[in-house]
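First the structure, in the form of C-alpha cells, and then the observations on it.
Each chain carries a letter (A, B, C and D) given by its place in the written order, and its residues are counted from 1.
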Amino acid sequence: MNPPVSTTPINVGVIGGAGYAGIELLRLLSRHPLVTIDTVTSQSEAGRIVSEVFPGFRGALDIPFVDPRDATYDQCDLVFLATPPGVAMKEIHLILKSGARVIDLSADFRFKNQDVWEDVYGKKHLASELLSEAVYGLPERYRERIRTARLIANPGCYPTAALLGLLPLLKADAINPERIIINSVSGLSGAGRAAGSRFLFAESQESFKAYGLPRHRHQAEIEQEICSLSERPPGVLFVPHLMPSVRGIHTTIYLEAKRKMDWQALYLDEYQDEPFVDILPFASFPDTRNVRTSNVCRISVHAPNQTQLIVFSVIDNLVKGAAGQAIQNMNIMFGLEEGMGLQQLPSLP
Amino acid sequence: MNPPVSTTPINVGVIGGAGYAGIELLRLLSRHPLVTIDTVTSQSEAGRIVSEVFPGFRGALDIPFVDPRDATYDQCDLVFLATPPGVAMKEIHLILKSGARVIDLSADFRFKNQDVWEDVYGKKHLASELLSEAVYGLPERYRERIRTARLIANPGCYPTAALLGLLPLLKADAINPERIIINSVSGLSGAGRAAGSRFLFAESQESFKAYGLPRHRHQAEIEQEICSLSERPPGVLFVPHLMPSVRGIHTTIYLEAKRKMDWQALYLDEYQDEPFVDILPFASFPDTRNVRTSNVCRISVHAPNQTQLIVFSVIDNLVKGAAGQAIQNMNIMFGLEEGMGLQQLPSLP
Amino acid sequence: MNPPVSTTPINVGVIGGAGYAGIELLRLLSRHPLVTIDTVTSQSEAGRIVSEVFPGFRGALDIPFVDPRDATYDQCDLVFLATPPGVAMKEIHLILKSGARVIDLSADFRFKNQDVWEDVYGKKHLASELLSEAVYGLPERYRERIRTARLIANPGCYPTAALLGLLPLLKADAINPERIIINSVSGLSGAGRAAGSRFLFAESQESFKAYGLPRHRHQAEIEQEICSLSERPPGVLFVPHLMPSVRGIHTTIYLEAKRKMDWQALYLDEYQDEPFVDILPFASFPDTRNVRTSNVCRISVHAPNQTQLIVFSVIDNLVKGAAGQAIQNMNIMFGLEEGMGLQQLPSLP
Amino acid sequence: MNPPVSTTPINVGVIGGAGYAGIELLRLLSRHPLVTIDTVTSQSEAGRIVSEVFPGFRGALDIPFVDPRDATYDQCDLVFLATPPGVAMKEIHLILKSGARVIDLSADFRFKNQDVWEDVYGKKHLASELLSEAVYGLPERYRERIRTARLIANPGCYPTAALLGLLPLLKADAINPERIIINSVSGLSGAGRAAGSRFLFAESQESFKAYGLPRHRHQAEIEQEICSLSERPPGVLFVPHLMPSVRGIHTTIYLEAKRKMDWQALYLDEYQDEPFVDILPFASFPDTRNVRTSNVCRISVHAPNQTQLIVFSVIDNLVKGAAGQAIQNMNIMFGLEEGMGLQQLPSLP
C-alpha cells in the first residue's frame, strides 16, 4: 500500500537555472501544482529576469536569476542542483546546513566509490563522506530509499535509458553480464547551452557521429548499477552517438541470453506498477518523438534468434533523463502523487 | 466582473480526430481537468485504438476511433469538428439535433456571406441558414457572444495571427485599411497529415517558399473581420510562405499609419486582460520557438519611420491557431476558467 | 598498371529517373564530362519535362520523362535501372538485346543464390539465368570483374557502408565471423519518394527509431559477401535505424578480434589506392555531414579493449550508397578516369 | 561578342579561410579547373591543416592555415578577403602592393560614400581613397567594369537577392521607388561560425524570427544601388528574418507598379544572357531548396492586382550570396569561362 498522498506545498530552489537541465526544471516546476519556486541562481545570467532571458516564461516566471554567491536556501524545502560537475560537492554542505533536502542533477554524488569518481572526473572529491548517504535517484530501483533521502544523486541521461532497459534481465539473471553492448544516440541538447561551434545549427544539421570512446563518463555509472545486480564484474561496451535532433535518447542494447524466457512477460511484470515505464508490444519499435517533452521511458524487446536479445529504450534526455526524473524524485521524497506535474503528453506533429 | 467559474465536467466528441488538428485536440483535451472524451471519429483510422495509431497516447487515450457513420453524440455536451472543408456543413444538423453545442475548426461557418464562401470554397453551402448564427471564435474580439453560442466557427491559423496583430490599430482607426500587407510564414504541420511527397522530410528540409497567390482562402477570412472594423473596403495583400519547421506561424504586417500614436500603449491597453496575448517590449522580435505547443500569441510593434508600422505576431498554428483556441472557446462557452488545460509552457531547448 | 584512360563519350539511359536514386543519377550524370543522357523514363512523371518536376535541373536537363513502355535503348551504351525490386528482372532481356550494358541499382541481381533472393523478396525470379553473370558492383572488391561486366548489380546502401568497414578484417581473417553486430543509421531519403505520412517533415523531425527486425533485406546481401571471404557461415545481427536527416548512413560495427594486430595499418594498406575510401586517424569519429553529396566512404577503427573492435563507416546513402557508386562502376566499365564526375566536396556549413 | 576565353591558370590566396564564406570559397576553388590555392589564412586556426579542421577536405586541401601576420601574396594573381568588417581596409594596401588583384567579400568597399560607410559600420574608414575605384561585384549590373577591376567589393547576400529582383523594374522605371518593401528570410549560416548560443541547433530548430530593425546594414547597400538607377531617393523598408535552415535566402519584394507592363517579358529580356539568373514562369514560386549549393538566382513575378507587384527571388546565401559570386567575378576578371567551377546542381532530396 502506498503511503497517504501529501498536499502540502513545497518551496524549492534551483541552482544553475540557466543551463538546459535548469531551464527544463523551471518549465516543469512552474506548472507543478504544489511547488513554489523560491530562488533560481545562475552565474552567467545573474540579475536578469528569467523571462527576459527565456521569453517562453513571460507571465509564468518573472523573477530574477540570483547570483549564486548571494543565494540563501533557508526558505527552501528542497534545492535542485543543475550545475556542471564539481560544483555540487562544493555547495552541498552549505545547502544541507540550511535544512533543505537536495536533488543533485550533476554527477557529483552518483558513485559509491570515491576512487572511481575521482578517476572518471579527474579531480579530488570534496564531499566524499556523503557518497554513501546519497541515494541514486532511479525510482524504478530505489523508490523506498528515495522517500526518506536527504540527498539524491539524479541519474545521468544515458544511464537512465540503459538501466531501465537492463533491470528486468539483470534481476532475473537472464543475460551474460560480460557481454553487454549499449549503442546510444542522443539529441544535441545533451551537449548543453555552452556548446561550441560544432553544435551550431549550421554544422549539426544533417550530421550524425559517434563520440566518447574509449570510455564515456556515463559508462562507469552504468557499470556501478549493473554490478549491484550481478555477481561477476560486467563487461560493458558503451558507444554514444549524436543525432540532428534537439531532444531524445534512443538506446539499442545487444545482449546474450543465458536461457529462453518469456521476455515480454518478464518486462511487463517488472514494470506493471511503474507510472513512467511503458513496455511496448513484443518486437515493436519505440521512437524518440513519442516521448518528447514527456517523462515516459518506452521499451521494447526483440529476440532475433536463440541466443541474442535486443532491447530498445527511449526517453527525453531532459525529462526522464534529467529534470522530469528529478521532479519524480521530489514527488516521492515529499509524499506527493508521484506523477504530479509530469503528465504532459508528447506532441505529434 | 467575470461570471462565476463552473466546475461541472463536460463530455466531448471529436470528429476527424486523426488529422493534425484532431490529434492536437486530443492531446490537450486528454489532460484537461474537466473534460471527458466520449467519442473520437476518424474515417481513415476507424476501428483502431487511438494509442496504437499515435503511441504518444499510450496510457492516456486507449479508446478506439469510431467510424463517423456509427457515431452518436447524445452523450456529448460539445462536439468539435476537425474535418476538411465541406464536411461540417453536412453533419451539423444531426449534431445540433442531438443537443450538443459545436465548435467547428474547419472553415464551413467562418463567413457571414454565403456567396463569398461559395466563391472561395468552390461549392454550394449546405447549411447556409446557420451562417448568421455562427460566432467567429476569436475570444479577443467576440468573447461575450462566444459564451452563449451554440455554434462556433473557430478561426483559421493565419487569420488568428494576423487579426490579433491588427485589432488594436483597426479599433483605433489608426491605419490606412487600403494598404495592408500581411507576410506570413507557416510550419509544415499546416499542410496536414495527408500532404504529399513535397512535404516529405527529404524534400522539405532546407526549403522555403511562398505559395497561395493570387488569393489564399484565408485572405477572405481576414478581410471579413477587417471590414467589420473599417468603414472602407480594405485592401489586403496576403502572402503565405512555408518554412522547414513543424509548427509555428510568424506574421510580418506592413502598414501605413494615419497619425502618430503611442503604439505600445495602444497594444498594452487593448490586451491588458487577455490571458493569451502577450505584448512584447516595443521594437522587439517574437520568435515561433517561444510559443511552441502553447496557446499564447506574442506580438511586437515597430515604427521604423514617421509613416510606416510593422507588427510581428507569432502563434503555434495548431494551438492558438486551431486546437488550443477551440479549447479556449470551450472554456468560455461552458463557464470554465478560460485558461484551463492550456497552461503548458513552450520548451527550450 | 592501370589500363589507358578512355575519353570516348557515352550515351546513357536512366530507367526510373523520378525516384530518389534516379534523380541523384541525373544530378551527377548531367555534370559528367563524358556522358550524354539519351533517355530518362518514369512511370509516374511520363510526359513531363525533368526540370519542370525538379526545378533544380532548369537549364541543365530540359528533356521529358519518357513512358517506360515507349522507351528504346538502341542509342545507349549503358542503361541504369533505378526501379523498385522486381522491375529490372522483367526488363533486363530487352535492354541487353539492344546492346547496352546495364547497371541495376535495385536488388534484382545482387544475390548469387536464386532461392535466397526468392525467399528475401517474396517472389519468383524471372531472369535467374543472369544471376551468375551479374557482378556485384563494389569496386573495392570486384574492380577487375566490373571492367568487363555486361550486367552490374549495384550494392545496397547499408551493405556498401558495412562491407567497406568489414573487408580488411575479413580478408585478414582477423575477426570471429559468427559475432558481427552491425548497427546502422540512415537518413530519411532512404525511404524513397513514395514514402507515406510517417516520413512527412511534420512527423519525422525530432524522431529516431529502429526498424526492419528480425531480418531486413540487406542482411542477406551483407551475409553473402561475408561468406565469400569466410570459411564458416557468419552470424550477423543487422539493426537499421532512421534518423531525422535527409542523407547519410552511419554504421557502427561491433566485432570480436581473433588476435592483436596493427588495425590502422591493416586498413591503410587495404585501401591505399582506393579513390573513394578514406581511413581516418585511429580512434577518430567520422560524421555523415562530411561525406554529404560526395562519393567518399570514411572509416575509422577503435580497439577499446583487448578483444573487441569497433569500426565506424559513413557514406551518403544516395551517392556511394547508390548513384555515385553506379557512376564509379560506369567509369570503370568504360575505361574512364574512375573518379570522373564524382569530385564534388561535401559542403560545410 | 565576348572576349576570347582564357585558359591560363591562376594562383589565389584566401584570407579568413575558416569562416563560413571562407570555407565555401575553399570548397569551390579546390574544384575549379584553373585555380591553384596558394595561401589560406586564418587567425583562429593558424597552423592547423585545413582538412583536419574540416574533414570534408581530406584529400582535396591538405595545406595549413597560415597566420595572417606571416602570409605573403607575391605568388598570388588574386586574393579573396573573407574577413569581418574592418579587416580588409587595413590589409588592402599591402595586398595590392604585392601585385595581386582583390575580391573583398566583406563590406569594406561596397559603399561609394565614406560618410555612409562610417555611419553604418561605426568606425573610421582607413582606405577611403579606394572607395571610388572599387567595383561593386554584381556581374548582372557591372560586368564590364568587373573585367578590368583591381578591387572588387563583392555584394552582400541580402542585397544580391534583392537587387537581382529589382533591377529590371528599376531600369524600366516601372515602379514607385519610394515604396519598396523587402521582406527577406535567411538560413542560419548567415550568422557565421562564431555565432553564439542562440544559433545552437538546440535553440534554432523550430524557430523563426525577424531581426535587424530599424536598419540592418544591408539596407544602405541596397539603397545605394537603387539610387544609381532612380532619380528620386528611394524609400526602402528592409526586414530580414531567420529561418531554421542552414542555407538559403528567400526574398519577397512588395512594389507599386507605375503602369501596366508585360512583366514576364521585362524580366526574360533583362536576363536572357545571364548564366546565373533564372526567370521562372509567371506567377510561380521559387524555393530555396532548388538553388542550394548552386550559384543560381531564381526569380518569379506576380501581379496580384492592377497596382501591386510581388517579386520572389531566391539564392544560396553562401554561393550566389558570397563565395560563388566571388568566383564568378574572378572568372570575369581573368577572362575565364564565366561559369567555370560553378556548375554544381542543387541536390534533391
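Note that in this section a residue touches a chain if its C-beta (ideal position, glycine included) is under 8 Å from a C-beta of that chain, and two chains touch if they have at least 3 such contacts.
All of these numbers come straight from a predicted model, not from anything done at the bench.
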Of A-D and A-B, the pair with more C-beta contacts is A-B
Scan B-C, C-D or A-C for the interface that duplicates B-D, counting it as a duplicate when over half of the contact pairs agree by residue number.
A-C
Separation of the C-alpha centres, subunit A versus subunit B, in whole Å, is 37
So the centre of each chain is just the mean of its C-alpha atoms; given that, what is the distance between subunit A and subunit C in Å?
40
Averaged over CA atoms, how far is the centre of subunit A from the centre of subunit D? Could you give it in whole Å?
46
What residues in subunit C touch two or more of the other chains?
20, 187, 189, 193, 200, 202-203, 205-206, 244, 246-247, 286-287, 289-290, 348-349
Subunit D residues within the subunit C interface of the complex:
20, 23-24, 27, 30-31, 54-60, 189, 193, 205-206, 246-247, 278, 280, 286-287, 289-291, 293-294, 296, 298, 318, 343-349
So, in the complex, the side of subunit A touching subunit D is made of residues 20, 187-189, 191, 193-195, 197, 199-206, 244, 246
Residue numbers of subunit B touching subunit D in their complex, please.
181, 183, 185, 187, 200, 202-203, 205-211, 213-215, 237, 239, 241, 243-248, 250, 252, 254, 283, 285-290, 292, 302, 304, 308, 310, 312, 314, 348-349
